[in-house]
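In what follows, subunit A forms one complex with subunit B and a second complex with subunit C.
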Partner chain A sequence: MKNTLRSRMSLLHTWAGVLFSALLFVIFWAGSLSVFDKEMDRWMMPATRLSLTGDAKVSIDKQLVPILQSKAPHAAAWTIILPSERVPYIALNYGSEEARKGQRIWLNPDTLQEITPADSKGASGFIYPLHHNLTLRFNHIGTWIVGIASTGMLCLLISGIIIHRKIFTDFFTLRLFRSFGRSNLDIHNLTGVALTPFYILITLSGLIIAFSTYFPNAHLPLYAITSPGHVLKKDHARPHGVLPAERQFLKEALGRERHKPAKSSGQLASIDQMIADAEQAWGPGAVYFVRINHPNDAKSNVMLRRHSHATVSKHIDYKRYRATDGNPFNTFEAPAVVKAWNFIAGMHYLQFKHWTLRWLYFLAGLTGCAMIATGLFFWLNARRSKAARSEQKHVVWMDAITIATVSGLMAATLGFMLANQWLPAQARIMGIARDQCEVYVFYLVWMTSLLHAISLTTQRQDKAYLHAWWQQLAVISGLCIAAVLSNWSNTGHHLYVTLTRPLPAVAGVDMVLMVGAWMAWHASRRLRAHCRLHRQQG
Partner chain B sequence: MSARIQTFKTILSSLALCVACYWTTEQWIALTSCLAYLAGLSRANAVMLAAMLGFVYLWLLLLWAFAEHRVRRQCMTLAGLWLLATGLTWAATLMITPALTGSR
Partner chain C sequence: MSSNIIIAVVLLQLAQGYYALAMRHYWQQVMHDSGGSMPHTPRTYRSVATLLLGLSCCMMIASEGPAMGSLLWILAAGGSIISTGYLLTRRPGWLRLLCR
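Presenting the complex of A and B:
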């Protein structure tokens, strides 16, 4: 092979693709679902399916502070998160200095009745972490793996464009009814080229969000000189602690700082007044987050943050008030470049209120999954036909990994949702809490899918891998239907109820499940027919 | 056997290339933050700008490194870029230290 740019990029595209595709599929799949993580939470936590009327204005002083005073008068901090369209309940958190959100209470904003805890991680507690750290938190190992795969993705995108000889022609070519190899490559090219800007945006922004993990020494040249010293604090996320230089950088860039308590008692002024003052600057209804640091202390302070519904940027601005007299003493506004970083982060976090864009993000994410999967199919198809006997072993294993990655991950997600529906409330199985059991079901289904794929692809029978595909797709179809029926039977919320009440989050999840069931069943039927035809001919 | 050794060598050299690109990027981030500070940005802004650009540096370096087939050229260029960034960062640090320590 000649050592041209195209041949080098072709090698890079092939091997980086084989190495990272499975991981990238997991990241893209979990990321696509995370676009609707709050909606999946409503589906998985029926007690939180509330409709915000907007009539009742909650008084923090009269209604919420007394609850926190009675529950945790000596907590290091109280956190109040006010309800929004996607999270329609009031969340109260309190805890010690090490775990400031250790305990939580959820309240119905209309009645102020306590909502029974769901005892489930939901999508925001499991699918979202799976997306950004693969749930491997120790020493940021998961974040690093995701970062390496994301960097690989950026290289794959550019190398994919370079190796493409007829990129413009192929962009307008989709031969769906030719051979599998032809149509598969056309889909790979189309999904790859058409959404390249989106993939670059989402991958690069995902990396930029976690810059402090990937480039932990970036602040040292400008901060180590003025902030030398020892390790400040260790916790589970930073087992090596935070150096004073990093602490100073985080304070200046992101406004992160903690004030020490006086350790003598103090009064709490009106928080409603503080919110009214902050909303004069930010606009009515802007405050969504209230934190009371060291409540009942003479040096207690109240921090208010505003929501990001109307902007792409994810706001990190805040206002701080002295809790004893209610006077503002510190306002943090992000510096100019940090605002740019916030804008980039906002494009990835997608916290703004725009349903059309949210659906487009979801569909673009799934298109990314299709691009990654078709890339794997292309590699497998090319090798299957020409691989020597000795190389067939690699193809068989890669086949099994591909099946487990694509259909196995989908089945695992559905297993996670079904476990949520059917595990008894407050259940403990062999000492494992219910929310953790849901996660174990996810991994159990995934492993079962891998074993099923291995058992079929290693058979000597020709095209045995197709049997694994159609069987797993049929299971996915059944699981989708079972999930919709389970939601109906357990909560009484079938589609007519969710559409008329209205509970759009639950209706949306159910409808996506039904579309998924139809697509999986259709694909399974086609593949099964193909297998039968092949058997009759062969 | 020789094919296996060749595969092993390719994997090792690819890994070494990735690590070298990362180290070089880290030095260029340091240099960029110093230069941005010298250009008038605040410390926080300068670090954020450099960190964000760092991902673009890493991306470009990796693409160049894998596009280049001459091993010696890969090594020399990456080492040269690393040395250049280290030297310039050192010089820039000398220039900014009085401003940083004086302002505290």
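Presenting the complex of A and C:
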């Protein structure tokens, strides 16, 4: 091979692909599902399937403060999260100084009745963490692994563009009716080239979001220099919580500061009035988050945050009011650099209210999964016959890993959703709480898929891997249908009900499951037919 | 979804179609049974495509604002490239409508 830039990039593309593809598939799959995490939460937590009428506005003074007064009069802070289209219930949090969100209750905004907790992690409690830290929280190991894989993804994207010999000539080429190798490579190239800007945007923004994990002390020397008196200790030891320089950073960049209580009793002025005042500046209905620090104290204060529905940027701005007289005393607006970071974070977190864009993100994420999977198929297809002749085992193992990564992960996700439907409420299995059981089912199904793939691909039979594929795809199809039927039988919410009530989140999840079932069944049938044909010819 | 977005998506699809027709091998793929030479030069097709692409971008930005509009345009453009590739392989005859 000539030692050209293209040949070196080809080597990089191959090796980075083999090393990171499985991991990247997991990250992209979980990320795509996280686009609709709140909708999946509604599906997995039936008690929260509420239709937000918006007719009656909740009065914080008359309706919510009395509840908090009765539940936690001595709490360090009360937090109220107002309902929105995607999260249609009121969340009340209260806790001690150390754990400000210690206790949590959810209320129906129409009746103010308490909603029984679902005892489920939901998609936002499991799929979303799987996306950004693989649920490995110890010492941020998961975030580091995701960061390394993301860097690998950037290398793959750049090297992929360089090694694509006919990037402009074959720009629209998609030969679906040619050999598997040809059509697979065309799908890989087309999905890769068409959405390269999106992949770069989403990967790079993902890396930028987690900067504080990758460079935990990068900002501290600057704040130690620019803020006299806020000297950075040489050993970076943190004996009493945060360093002074870090505290300065948190205050200036993120507006985080804590006010000490007077430890004498005080009255609470009208929070509804404070919200009305804040919404004069931010617009009607802008406030979604209310925190009352040191309630019933003479130095109590109320912090209001606005939602980010109308902008790509994820707002962190707030207004602070003195709780005793309701006068504003502090307004935080993010500095320019933080605003830029908020914009990048906003593109990744997708907190804005734009359904077209949300669906496009979801489809683009799944297209990314298709690109990664077809890349793996190409690598395997190019080496399979040669490996079979020389009896090399690495391709067989890679086959099993690919099957477990692609179809196994999908089956595991469906297993997680089905466990949510089938496990009895408040169940404990061998001392394991119900929400943890759902997670264990996820990993159990994934492991079973890997073992199934290994058992078939290691057989000496020709094209044994195809059997693993069609069998697992048939299982996926069955699981999708079972999930839709389970939701119907457990809650009575079949598609007609969810479309007419309306419960768009539940209807959307059910419809995606049905489309998934059809696609998996179609693919499984064709692969099975191919296996039969091969057996007859052989 | 506003009508402006729908129009912009249609314009994007047309633009990708014209870009495809500006390339000889795709032109032949579209015209495989009726043959004939290109009624316009590839440059003309490319110019029309670029114009439509720009117009769709402006429409999305005007409709959704610069941040959301450009995000929407990037994703919709990616989608239109894939759908044009799919059209060329499954229904190439449909692109003949653009040759008139």
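Rule of thumb we're sticking to: the second predicted complex is superposed on the first by the 515 of 538 C-alpha atoms of A that agree within 3 Å, B and C clash if a C-alpha of one lies under 4 Å from a C-alpha of the other, contacts with A are read in each partner's own complex, and residues count from 1 in each chain.
One rule holds for everything that comes next: contacts are C-beta pairs under 8 Å (C-beta built on N, C-alpha and C of every residue); 3 or more make two chains touch, one makes a residue touch a chain.
Quick caveat: nothing in here was measured; it's all calculated off a predicted structure.
Participant: After lining both complexes up on subunit A, report clash or fit for subunit B versus subunit C.
Facilitator: fit
Participant: Based on the superposed arrangement, let me know which partner A:223 touches: subunit B (first), subunit C (second), both, or neither?
Facilitator: first
Participant: Would you sort A:195 into first (subunit B), second (subunit C), both or neither based on which partner it touches?
Facilitator: second
Participant: With the two structures laid over each other on chain A, which partner does A:443 touch: subunit B (first), subunit C (second), both, or neither?
Facilitator: A:443 contacts neither subunit B nor subunit C.
Participant: Is A:364 contacted by the first partner subunit B, the second partner subunit C, both or neither?
Facilitator: second
Participant: Tell me which partner A:207 touches in the superposition: subunit B (first), subunit C (second), both or neither.
Facilitator: first
Participant: Go through the superposed model and pick first if A:158 touches only subunit B, second if only subunit C, both, or neither.
Facilitator: First partner only, subunit B.
Participant: Which holds for A:518: it touches subunit B only (first), subunit C only (second), both, or neither?
Facilitator: In the superposition, A:518 touches no partner, neither subunit B nor subunit C.
Participant: Who does A:172 touch here: subunit B (first), subunit C (second), both, or neither?
Facilitator: second
Participant: So if I take every C-alpha atom in subunit B and every one in subunit C after superposing, what is the smallest distance between them in Å?
Facilitator: Comparing every C-alpha of subunit B with every C-alpha of subunit C, the smallest gap is 18 Å.
Participant: What residues of subunit C sit close enough to touch subunit A in their complex?
Facilitator: Counting only subunit C, the residues touching subunit A are 1, 5, 16, 19-20, 23, 25-26, 64, 67-68, 71-72, 74-79, 81-82, 84-86, 88-90.
Participant: Tell me, which parts of subunit B touch subunit A in their complex?
Facilitator: 25-26, 29-30, 33-34, 37, 41-52, 54-56, 58-59, 62-63, 66-69, 89, 92-93, 96-97, 100-101, 104
Participant: Quick check on the complex: what are the subunit A residues that touch subunit B?
Facilitator: 3, 5, 8-9, 11-12, 151, 154-155, 158-159, 204, 207-208, 211-212, 214-215, 217-223, 225-226, 249, 252-253, 335-338, 340-341, 344
Participant: Which part of subunit A faces subunit C closely enough to touch in the complex?
Facilitator: 169, 171-177, 186, 190-191, 193-195, 197-198, 201, 311-313, 343, 347, 352, 354-357, 360-361, 363-364, 367
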